[in-house]
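Written out below as structure tokens is the structure these notes cover.
To keep things simple, chains are lettered A, B, C and D as they appear, and every chain counts its residues starting from 1.
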Amino acid sequence: MAKIQVAVLGATGMIGQRFVQLLEDHPWFEIGGLYASERSEGKKLREVMRVKDIHLKEDTLDRRIEQLDAKAIAGRCRVAFSGLPTEIAKDAESNLAEAGVAVFSNAASHRMRDDVPLLIPEVNPDHLDLIKGQATFAKGGFIVTNANCSTTGLAVPMKALDVAYGLCFVCVSTYQAVSGAGYPGVPSLDILGNVVPHIKNEEEKMEIEMHKMLGKMTPKGIVNANFDMVASCARVPVIDGHTESVVLQMDRTPSVPEIIATLRAFQPAPQELHLPTAPTQAIIVRMEDDRPQPLCDAYAGEPARARGMAVSVGRVRQSGKYTKLWLISHNTLRGGAGGSVINAELAKAKGYL
Amino acid sequence: MAKIQVAVLGATGMIGQRFVQLLEDHPWFEIGGLYASERSEGKKLREVMRVKDIHLKEDTLDRRIEQLDAKAIAGRCRVAFSGLPTEIAKDAESNLAEAGVAVFSNAASHRMRDDVPLLIPEVNPDHLDLIKGQATFAKGGFIVTNANCSTTGLAVPMKALDVAYGLCFVCVSTYQAVSGAGYPGVPSLDILGNVVPHIKNEEEKMEIEMHKMLGKMTPKGIVNANFDMVASCARVPVIDGHTESVVLQMDRTPSVPEIIATLRAFQPAPQELHLPTAPTQAIIVRMEDDRPQPLCDAYAGEPARARGMAVSVGRVRQSGKYTKLWLISHNTLRGGAGGSVINAELAKAKGYL
Amino acid sequence: MAKIQVAVLGATGMIGQRFVQLLEDHPWFEIGGLYASERSEGKKLREVMRVKDIHLKEDTLDRRIEQLDAKAIAGRCRVAFSGLPTEIAKDAESNLAEAGVAVFSNAASHRMRDDVPLLIPEVNPDHLDLIKGQATFAKGGFIVTNANCSTTGLAVPMKALDVAYGLCFVCVSTYQAVSGAGYPGVPSLDILGNVVPHIKNEEEKMEIEMHKMLGKMTPKGIVNANFDMVASCARVPVIDGHTESVVLQMDRTPSVPEIIATLRAFQPAPQELHLPTAPTQAIIVRMEDDRPQPLCDAYAGEPARARGMAVSVGRVRQSGKYTKLWLISHNTLRGGAGGSVINAELAKAKGYL
Amino acid sequence: MAKIQVAVLGATGMIGQRFVQLLEDHPWFEIGGLYASERSEGKKLREVMRVKDIHLKEDTLDRRIEQLDAKAIAGRCRVAFSGLPTEIAKDAESNLAEAGVAVFSNAASHRMRDDVPLLIPEVNPDHLDLIKGQATFAKGGFIVTNANCSTTGLAVPMKALDVAYGLCFVCVSTYQAVSGAGYPGVPSLDILGNVVPHIKNEEEKMEIEMHKMLGKMTPKGIVNANFDMVASCARVPVIDGHTESVVLQMDRTPSVPEIIATLRAFQPAPQELHLPTAPTQAIIVRMEDDRPQPLCDAYAGEPARARGMAVSVGRVRQSGKYTKLWLISHNTLRGGAGGSVINAELAKAKGYL
């Protein structure tokens, strides 16, 4: 079976490079072209790489960046993965869908559209069908978005618990890694030995996206979930891996062992469908006193292809009627490029590609 | 007026050195002796100092450490400030009280005793009278404790809001500095570029101490406060200053400007009594988008003597019926040695010394 | 005596703010105006401050930024302190000198001109007379530059040793703080938990500047010093304070105690003239095993006005015919704004202002 | 062919765990037992692991720690890899050699003995024959040591250049990772945002070990090399990977391209013999402006088994008659456990096992 040709948009940025890394040896997809702004046009990827610790093959590093042109891309690629900055993504992605390309985007521009799935295959695989309502669907073009990096790590275990016990209240405080701001991103003078308790629009995104993603798919579209959701977001001096402190109230208060069992038993669509980038275990529950930690757990997930795709949960404990837990997920893999790759895998498995 | 002679117990540790720093030029107190374990006996303070960036006078650095002996201390000092480790503090402090010494302690050993004030002068100055119930009070000996470092920073603004609006629910996630674990404390391999979501007993302490401190003083003792209190504690790679993400629910939901006005107008006992170590403003409310931050705000508090004694609050905002805010206070000053020094100042102002 | 009115150029940058901090209460100088690019024109300093942990007075924070105009500045200020970026500094500073203003600059643009002193008052106070050769001198306008931040900390003890023993070979490796790159400067992704062994042009600057500054003033100008000088420069995750590892060879090999005595006895011009920003001790020699360290020693220097102006030297030791030592100096005070302020003080003391 | 049974001594420490990691799937060796102090006896490795980010197999984690007993080890293992602390290593290793075990040690205790090879197969493979002079050799017992972690990374490229151009002078300043001090090792309060310019005995070790390792094997033993060697050592806030700034003088001054060619062409014994842990390229020369960096290059080395075993060199440049370069090698792999594993591979290849 021939692999599906895919374009990587914004290939020189933090998320773009993670796309390239995940697609280099993908069993279903093959990189058809790398695209970025005019500034990088014609240069080799190795000359414009901004993230030094992502190891790519020599061949890949020698590929040249092309300028983003919807028609040209449509002529060559069935799928586009977008790591474009929000302000450019809006029109560029619409143009691609118009040209018949299936766009899987990490940008926030289209996330809240009624006809665009804000998709995590572990959480709301049925939302994917929203694309049938997109005007460009008949030509094969559509847009699917992955969620914000901090929302993603939270949504996976919340889904498992919502199904089992019914969420009423979710309160989260984040400890977010600097890679979430891209490159050059956070100045070192701001974050060395410091905590910055503000990430622009992040709290709003988390609160809104959670309600959409845990919402119910109906013939008339998504009906948002209605638990109380309160998010506080901060940046900490960590390179990769968002840590989150979560406090929950559920319709009934399960015991700690029940919660652990529920999280461990969670086998959602990607695992059932054996999607290539799905980790064997969607949620890894740690029993140590002091885990998860970003240095140890950001890259959780097996087999090798799913490295950084599992969500690690630990320190599940109770305080009265409240349940507390900590979680970590990789912000540019699980909560970024990896999120869109697995979305495309779901679309393929469901026959949309 | 002659200054009151005071002993510093555990003078070679992180908190002990903060005591020495705060007492070097204190208007009411004078260091009568430095005490620590046998290991340091007879050595000069400069030889056993463990914290390099606290600047003390040459004379102070040349003082010699003496061995902890309750009788000898009682013969020379009216007051003892204790920075002893918990396991030693219990008996040592009891012996001193027995010998007629007024003990102001940073250790956790006696905090939850019914007859021991867990005291923050800004929060519960009336609790100080509990000492009259201590068996040793007639001889002039008693024990007063300051609260845990993370509890202290939280309790001050919570008190202001509880009085004004009535707290129902307090949910806090901490971002704690490494100095809170003393020296050598946290190994660098554990915390460089990392978050450790566990500090032993810290969550329990925060939940219990808040209820005692915001409790009501009655003729029969303290009646604990009864709002819901949920704490999650983590260590981050910051040297000084605990950051806390707080989510609140109150009996009525005040507007953001109301909350800010309430916090700014808070003028509790230490400010009314002009205690020497009290900052002009107990709570500093910051209006910037991204403050407070430990690098900028840990040492908040004026005048110079009160440096590190104010609590900085920022990003007050609402999410439905919940109020969110961030706060920072200095963990070894406001939440450690400074807490006990201001407790002793209150005791002096109230005629107990 | 009326204070001399001074302009601060580039007032919104890292060095500019250090100038403002040092000039707020200066006994000889008074801030006549703050200048920066058009972008900041008309805004209050507090709105464009980029460095959060420099504490300025409310009055100062309310001063408005004006646009850089040589004539307007000359009408109001006798002196200009320049924290301008190199590419703007060249013409702007020439225009100011042309307009009769005495310019003391931290920029590299004019440092290597034959008629411009590259001045550290502790090292080459006689070089100041070079200004008499500048075409604008007759109108009162001239340019004096301070040295590169890493060169400054090195040059002070090297001068003391050169005078005493004659330098033949100086080999230095630097461990430079991120504040040296200004704000936003070094991206956190580059430096968290990392070392970057490259700072553009820094090694070249160190090698060239040392030869000029330790050169001899002659009627025909400076004759460069001719010892071998080898510099290697790296950035480390430290906020303030450049650490340097130095290996020396001298005409004769003095003993360690001799070297320490020589460094301690060094009493150059600023100390003899009691310049306001000069520390009591130009070089502080530490005897501990593990000092100096940036966290403890970057701000060395007494009295308070001279904080961050002393150079700390430690671990003086021998390895065969080579002498090894470590040093630290504050890169934006001693090696930046403070360098130019003390240069202006020397100019005033010598009657040039 | 049956694998050789090997013991890991000090299995619970930083180096011990790296040994276990390297030996888990080794083609020639098989872990026969894990040994440590009484404190850990009988516990599973997973209970006493101190380094969280080394991933081992479940089977390995379930192995139990046994008490160090020379006879028992000799009865089961032909080889012992020692990650013991220096003070215990001396006698324990001698006893094992006495009992007929071939000991490959990371400890410093026996390094400077005349009859003990201080061995880096890339540098001085012929020194291995020294073991024939050890009294226990006839029974099959002997001791081979690997070099200090900072010496190792330096010695490899120095050997290549010494052979080609003759070294006269080597001046090195190190930027050492905290993992070099083991666990708990460096307290976070000492190193967060700081540089500590002192590592006990490290400079002495580097100066002495380099002369022995680059010395000449003669019938009468090693004749030390006699170039001038000056080392300055500091700790920086980096987790893994020692960075070194090197300044050299050689008998003739080769051009930069010549040096690069020499380093790249270096194909010493381990590469010629295809030892399993030898990287394809012993020295990797980087041409970027700002490499090597510990975050990107500490784990250099291919194939997978040789990860962290290559030395990365970059920024080769000249300053007069001096050559400057930067290098990085992994301190607990190349400069620790990996060093001893490759030593044992050489011994096996040469027929000593």
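Annotations for the structure displayed:
Throughout what follows, a contact is a pair of C-beta atoms (placed from the backbone, for glycine too) under 8 Å apart; a residue touches a chain by one contact, two chains touch by 3 or more.
Quick caveat, the model's predicted, so the values are computed rather than measured.
Counting C-beta pairs in contact across A-D and across B-D gives the higher total for B-D. By residue number, over half of the contacts seen at A-B repeat in one listed pair from C-D, B-C or A-C, namely C-D. In whole angstrom, the spacing between the mean C-alpha positions of subunit C and subunit D is 42.
Subunit B and subunit D, compared by their mean Cα positions, are separated by 48 Å.
Distance from the subunit A centre to the subunit D centre is 41 Å, each centre being the mean of its Cα atoms.
Shared contact sites, meaning residues of subunit A that touch two or more other chains, fall at 192-193, 237-239, 293, 295. Residues 51, 178-179, 183-193, 237-239 of subunit C are the ones that touch subunit A when the two sit in their complex.
Looking at the complex, you find that subunit B touches subunit C at residues 52-53, 192-193, 293, 295-296.
Those residues of subunit D whose C-beta lies close enough to touch subunit C in the complex are 171, 173, 175, 193-198, 203, 207, 228-232, 234, 236-239, 243, 245, 247, 289-295, 314-315, 319-322, 324, 326.
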